[in-house]
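I've put the structures underneath this note.
Shared between the two complexes below is subunit A, which has subunit B as its partner in the first and subunit C in the second.
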Partner chain A sequence: MNFAHLFLSTLPETVLEVAALLVLVVDLGFLRKTELKTRTSMATLIGVLGCVASLWAQIWVSGSKGVVEYGIDGTHDVLLFNLRWAGAAQAGILVLTAFTLLLLTRTAFTRHAGEYVAVVLMSATGGLLVSSAQDLLIIFIGLELLSLGLYILTAFAKKSGNSAEAALKYYLFGGMSAAFLLFGFSYLYGLSGSTNLDQIADAISKSGVIAASPLLYIALVSIAAGLGFKVAAVPFHLWAPDAYEGAPAPAAAFIASVSKVASFALLITITTAVLSPKWSLILVVLSTASMLVGNLAALAQVSVRRLLAYSAIAHAGYMLLGLAYLRVDGTVSWWDGAKAFGSANALLYYILTYGITTVGAFGVIGVVERTTGSDRMDAFLGLHKRNPLLAAVLLVLFLSLAGIPPLVGFWAKFNLFAAVLGVSAGVVPFALVALAVGMSAVSLYYYLQVLKRAYVMPPTDETPIRVDPVTMLVLLLIGASVVLLGCFPSVLQNWIAGFYPVL
Partner chain B sequence: MQEALQFTPQVAPSSIANILWLVPAVPMAAAGVIALLKQPRRRLAASLAIGSLGISLLVALAAFGHVLAGWMSGHAVRETVNFTWLQFASSNVDLGWVLDPLSAVMLVMVTFVGLLIFIYSTGYMAHDENFTRFFCFLSLFAGAMLGVVIANSLLLLFMCWELVGLTSYLLIGFWYQKPSAAAAAKKAFLTTRIGDIFFLLGIVWLFAQTGTLLFYNNGAGSMEPSALGGLLATPAAIGLSAATAIALLIFAGAAGKSGQMPLHVWLPDAMEGPTPVSALIHAATMVAAGVYLVARVFPLMQVGAPATGTTTALTVVTWVGASTAVFAALIAVAQNDIKRILAYSTVSQLGYMMAGLAMGGVAVGMFHLITHAFFKALLFMGAGSVIHGCHEEQDIRKMGGLQTDMRITFATYGIGMLALSGFPLLFSGFWSKDGILEAASHWSVAKAPFYMLVFGALLTAFYMTRQMSYVFFGKWRGHGHAHESPRVMTIPLAILAFFAIALGVIGTPAWPWFRSFLTDKPAEIGWVGFNEPGLVALMLTSTLVVFVGLGLGWILYGNRSPKADEADVLEKAMPPIWRVLHERLYVDELYGVTVIAFYAWWAKVADWLDRRVWGGMVSAITGLFELLAKFNRFFDTNWVDGTFDKGCEELSAGGGLVARVQSGRVQTYLRLLALAVVVLAAILIWSSPR
Partner chain C sequence: MLAWTIYLSFAGALAEALLPKGRAGLARGLALLIAIAGLGIAVVGFAADAGKGRITIVDVAWVPAMGVHYSLAADGISRVLVLLTGLAAVAGVLFSWNIELRTNEFFAFFLALIGGVYGVFLSFDLFLLFVFYEIAIVPKYFLIAIWGSTRREYAAMKLALYSFVGSAMVLVGLLAAYATSGSHSTGLDALAHAGLSVQFQMWAFPLTFVGFAILAGMWPFHTWAPTGHVAAPTAASMLLAGVVMKLGAYGCLRVAMSLFPHGMDAWGVSFIGIGSWRDVFAVLAVIGIIYGALVALVQTDFKFVIGYSSVSHMGFVLLGLMTLNQIGVTGAVLQMFSHGVLAGLLFAVVGRIVYERTHTRQLAELEGMHLSKRMPFAAWGFVIAGMASMGLPGFSGFVAELQVLAGSWNANPWWTAAAGVGIVIGVAYTWRALQKAFFSDVPHTHHVHGDEHGHAFAAITWPEVMGFGLLTAASLAIGIYPRILLDSIEPAVKALLAGGGQ
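Showing the complex of A and B:
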């Protein structure tokens, strides 16, 4: 391994870290006396510029120096792999981070704008690492970097008891999950003698003893617990509703989008290494439970944030289904992504579009919350009279989440389910897809509950809601992209497929 | 007879083909902007609509010029621009647009006639309070229709097709306060939908068979030989090949839009819409979309035809077209509403086009489509002018003598009427109809369609003479005083009247330019075209038929000026037949007692099932859940809460944060986590083979 090479490959992460430090220096060093508004704007600006620079570095890296190899005595040992789904996920993470930062303007939950932005950027760095990591140790370090940032962000509204409570729950739950994950990793290492995913996969596939060993099952289950926590899959979802409800809106948007994208990219990486009927079985169990619990529990919510939390659980269920039937066979492999829109690409399509939609949804909720002081459904009464544009964005985003064509959420579901059936056409995947489609229909009910209040039910208060122009612009941008990407579904598909190296 | 289309393969699309998407996009964008305008911005709305269609016309003309230049230099242009719209698994769904003679001709016609009708509408709708909405819908319609025209993909065509259907619905029901208009809109939407379902089935089937919905794609399109060969070789059911079956399904969609029997019932009712709408949508363009679709998929219809024979699909199209032509013409004889007569006439002429397409090939049918678009738009706009001048009166019995009061309208309407009747030599309608009759006379399967179409021509001349006599001759029988319409309405009439005459030139046997242009065969200029055996005799026959029709009409109705409530001459002569025709052959009533009655019954059954069976199941499940919930609550209050409260009391002493974390719950979470891991591991180990 060449350290210069390593440095070049991790250039996006480095750029993001530098930006984070720069935010701190500027905010704490130069802007101490200025008012909060300026400081927030400045911090946001630097953060967004950092994301843009990092994105530029990322595009450059995925174009040339995609693979970092570490070879002692000629063994093939990949540390980072910035291509394939990792490339698309990293680009997605950077875009989503920039959007969540832009939502920060005009929020007043904290006086520490600089620290907030810095923590977001550091957490995003963890996300980038997690997406591209190919080694258990790097995966774990990346995950911790990502997660610790999230705990802090959840607790960032220091005056709010809810925020602190949510953060503590999140932290305790996360700590235990990390313990499980590490436990599972240690078993994997013990079984295969390597921390490298490629070699672990080799060891499992070559040795029938390892593949049938109960120790491997324990390892798989523990890993599933650790990662199931990250993506909020039932039964590891218990933290999610509290965290979504208690965290400040921009932080919640970050948790719901960036962290999800990184975790799913990691799940794809791990799945390609340890894919076996057993791993599929675990994923199917988690997926089914998440689809059922997420959708049914969402029906009963009155808080829109909790509703989004349960809907996130449901969406994780759909995505886990795609993961359970990931196509990694030799004939149409993930290398061949430009030709075949494989299930990994379908999954990325789903998580990226879901991420952008959720960021927008939290943006709208944040605005409504700031005006009405509540995230109850009734706070949305008459929204289309109070701010028609905001209501229109909400309409587009929620219908997209429900999967109504021609919005992008429809294509996400369609691609994913088609990919599942394309990999395996048996009775079980068919039944699971049928369940997923049925549950999507159920989900329409609770999304419409909110939209009904925004559009149909008589308003209790008709005073207009004023929205900060930057926030409105971001929300309009998100709404427009949800519509346009839905009208031209192949744009995003080709973009994702473009990250596959041409052989 | 049916000329094979010869097109040189495409190298790269020209720049004009690359920007062809502007033609539909500009009016659509204009529609979007107009939709955002406030009611009083009438001028802006109208200028946006007219301006955008003007731009489309310019682009369309440039495209036409490009195709024409290619034709002059000896090769037919067919340029396509395709792109992948979405991909799943290993299949791509491609969209694209095509520039070839067929689409170029149609583009120019639609934009030109559309533009004239837009201008006319500013006069006709001047006093309507929903003026801006009207132009929003019109623009949207124009965009969608142009989308249908340029589509190189059956899917894109279908999308625009549905948009066209939607705008048709919106415009028929434009005066939705009138119950009859609302009902007519609904009827149009539902009836065309029946055809569309079959159309969609055809599309899906075609995609399943060929894996592409593009028409032309350098040899890989669905209308190109390799795909067609495969379709022909695939058997479907009852001895039909997949090609025939798909062609018939697509034709069902075309029949719905183009008002062919038995789906024609919506078109006469659609006259409830404003008259410019009737002219634009229900005479010149939208209803022609079905014919255009058949012309587009003609290779599919024709594939497998023997050298002098025809195919099953084309035979079906012929019979449907010919019978529609006669039946609608018969009904038109006994109608009294000026627009309804024209509507049935439109249905009848669409039948001619379909029959012409099926028997004579693309050029024959399309030529009639183009000439008909001009003179039928002219007639409808003339009718609108008459209605306008007679204070919104539509009953021809309450008009009369308008030749003196509305001179321009009279002159132009007369030209349109003669063109429609097929008055020899001078008028375009004669040449286009003659082409169809000629094709019919050579048809190898049966002679009956020829006689049917000749009879239809007789009826056409007859009912148009009847209408002219009622409206323009005799004495004024209405209320008030009729007046000529404003310039903005009469000038478009004059322009259309010019084309109703002039267009014939491009399709005479002496200079069959149109046929040559569409089929890439060199045109033989000169009188040799008339040397074809039987042609002159045929022309004489059709001339004779037209004169008989005109003469009969004039003898029975000319200058008689019956009173408004007097029974029709034919009604006096043969009351039962008149009655049947006047009641439109009872088709609506037939549907009422069959299809609609069945639907009503089925709706009742479904309602009963909903209420009793499904509803019962739902309430059973609800009850079960309620029971569970009650049990849960009991469990909660008596057991969980007890310990929980106790725990709270103990911990609240500790106070601070810990108490606020709703003591115990995080621990419960963590316990559940651990439990889940154990259960999952148990599942895995239990499920593994021993």
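Showing the complex of A and C:
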């Protein structure tokens, strides 16, 4: 394997990066004198085309090999990139990025459309790297690329004080958590003598000394703190409500979806390497705290964005539960069926469907906000009269988040909980699943609070809300996919399972 | 063929949602058409397959990775309840003829609810059943919250949360059964034959039973029912009491009891005569019968009387189920049908015919209106409905409650004795409401609003007469010749008890 191969295997990332630079060149080089509308459309167009090209490259790459190994000094090849199941996460990241970009059209939070799109694309590049990398250094670089982009995006509404405040909080928390993560990584390296997750896993499983070492505990706790911040797990969640509330709507959609997908893909990778009762215990603690705090705090929110932030925390809790009971071997499962759906797949299913639902939700919030100037619940009063289609999309998305069948959010939960019980049907996982199911019953209350305003309570203002065709089309597409993927759940399941070549 | 009841209802709901605003007449006509078509299919399906056992309608793989099948079938119990749903749907549309606010949306939610209910009664895959069960929850919320009356938002949210908590319990039981059985199938038959261990069934049974029984209004989880019924618009009350509560009872029978039959085995220890989950739930059912009747006796709001009477009548269903013998369970299913029709009738008279004209449901205010003279149709309508409800021979309630009592006598005479007390109180509260609302001789009161100087009430409209006639005829037909339904129910119950008792 040589560097040309390495370049080839990171083709999707490269394409996306080139697209980002192209956006900057076109926007700053040729369109400076034209009006904002044209610049935004052009930048969006290039960005979306970049995502499509990258997706195409990604399909080609994962079809060609799936695993990238890289030999060091003639020793046996080590796994550098794992494109097997990560392919699903990467494809998801690219699709979600394209959707968030399309939601940008007609927003007026910035005059710097080119830079905005470029930062989104670079951040998404970081996401792609993070979700497939198997080496601590690449993971860390990818994560920083992803995060730095997110900080900038949060602050992108330069005239808004909230935006700046949220970005500063996000940045400070992020910096600290990156330090924790690096600290944990360094311990892992120190214990095992390698930065490669495969070799680390090898070292831990072979050496009882390492596995029993208290230093491993410190490493795992630090890593959990660093990644817990990325997925907004309690108690590392404090940035989330502010960032969700302060960031411009498309940026918030990006933070809530793409960054989550990448971080959970990374968590699956790391969990695969260091899976042990210790790690599971840490995840269970984070998961339980997130489910409880997220759902209960969401009950008290009046800002729909903050509500979504707390609901995101709760959803992270459910997913961490799936992660704590991860079983990665997708070919063999608890039914010994060839097409069985392992817990890693269930987790990917969850995060991808959650991502698409959240992007849609933020799309609706963005539209409402542009018209009413507020993201308070009362801004949604009478939405069914002001724009019936928009209200219908909101209904579908929020019911899906609450987990009402036959929408896709229900299948996500069902897959995940069934997978948890499938890995271990003891008392503890059972109690945790019962807690999760109970908590999602609680969550219906706050989702209904928003829907109640959209459908039930008398409107204060009945002027129709106009939505530009592109945004409406994207929202309808998202709404339709949430319904259709829910009615035919095996489509997405098979697609995700398809990324798992039989070993 | 019965599957078309589901598809028609959902297609109708979609069509209603897409109808242009302001075309109320069109929306009503379409809803009535869909409901009648559904009833027609239910009747034809019932008549064509009567006496046959279970008929598989469709069975295709839905989620192969999890062994979930889109499996619709109908046995005698399903056919009877589908028939009930058809009746309730037609009557519901007729009694909501006066809805002027967002008419098309009202019927969209109404038909979506009906579609979900049909789906539950026809599902023979546990998973599919659960999906339809949850589909029915959301429209209920909006029907009450948008078109309801007294404290509607509170009642709607309470109802939605109770239902969702119940279904969460069911989901946990479902996941557990699925994971434990390892049978790679969620079909009801496959799970029933999975040989689940007795210890497992011992806790899975109460979990799922309570989860479903919440929706059946089992004491002490009934409190959503009166508030929900009272707040709901008439058609929604009719559906809630008429068919939605039956969903819960049906779930208890079809899922909890037939999948986890050993959950009802004796614990081996006994405390004040209670030695198994079966005893626990039977006692709760009996408490529900008496408690519901007693509370109905002291209500000042006419609709609350009917709301609590539903709790009492559903107690008979649950008691019948817990007898675990042929006659008792048959009676329970018959009581589901009977109460579905009669509750619809009572809510129609109280919520639609009387309330829409007098604009009050307070018995104290109705007393001064002399409704028996000024609204004879309503008065005699309530007499008929009330007689049927208190179990007068000749109406469906009599046959059903008699069978439940006979079954419970075989199981435990004390239950029968206590339930008998409930029947007596049932006569009392119906009589009291009847007397106060219609036949009171309190002097005419002029201060009552909406009733200045005794001006005539609006005439009874044809949809009201038709809806009333339909439900009364159904109740009378079953009361006089119960074999129509019993021939379908009995073999199905026999099969269920035999299959469940393995």
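Note that in this section the second predicted complex is superposed on the first by the 482 of 503 C-alpha atoms of A that agree within 3 Å, B and C clash if a C-alpha of one lies under 4 Å from a C-alpha of the other, contacts with A are read in each partner's own complex, and residues count from 1 in each chain.
Following the convention adopted for this analysis, a contact is a pair of C-beta atoms (placed from the backbone, for glycine too) under 8 Å apart; a residue touches a chain by one contact, two chains touch by 3 or more.
Keep in mind that this is a model prediction, so the values were computed, not measured.
Once subunit A is used to superpose the two complexes, subunit B occupies space that clashes with subunit C. In the superposed model, A:Ala441 makes contact with subunit C only, not with subunit B.
In the superposition on chain A, A:Ile404 makes contact with subunit C only, while subunit B stays out of contact range. In the superposed model, A:Val433 makes contact with subunit C only, not with subunit B. In the superposition on chain A, A:Gln493 makes contact with both subunit B and subunit C. By the touch criterion stated above, A:Val285 is placed in contact with subunit B alone, subunit C being left untouched.
When both complexes are overlaid on chain A, the residue A:Met176 reaches subunit B alone and has no touch with subunit C.
Of the two partner chains, subunit B is the only one that A:Glu165 touches; subunit C does not reach it. With both structures placed on the common chain, the touch criterion links A:Lys452 to subunit C but leaves subunit B unconnected. After overlaying the two complexes on the shared chain, residue contacts for A:Trp239 are found with subunit B alone; subunit C is out of touch. Superposing on chain A, the segment of subunit B with clashing C-alpha atoms against subunit C, chosen from 94-102, 436-444 or 562-570, turns out to be 94-102. Shared interface residues of subunit A, touching subunit B in one complex and subunit C in the other, are 339-341, 411, 414-415, 418, 422, 489-490, 493-494. For subunit B in complex with subunit A, the residues that touch the partner chain are 83-90, 657, 660-662, 665-666, 669-670, 672-677, 680-681, 683-685, 687-688.
Those residues of subunit A that touch subunit C in the complex are listed here as 334-335, 337, 339-341, 384, 392, 399, 404-406, 410-411, 414-415, 417-418, 421-422, 425, 430, 433-434, 437-438, 440-441, 444-445, 448, 452, 455-457, 489-490, 493-494, 497. The touching residues of subunit A, when paired with subunit B in their complex, are 161, 164-165, 168-169, 172-173, 176-177, 180, 212, 214, 217-218, 220-222, 224-225, 229, 235-236, 238-239, 278, 281-282, 285, 332, 339-341, 411, 414-415, 418-419, 422, 488-490, 493-494.
Contacts from subunit C toward subunit A in the complex involve residues 17, 62-67, 105, 130-131, 134-135, 137-138, 141-142, 145-146, 153, 156-157, 160-161, 164-165, 167-168, 171-172, 175-176, 178-180, 182, 184.
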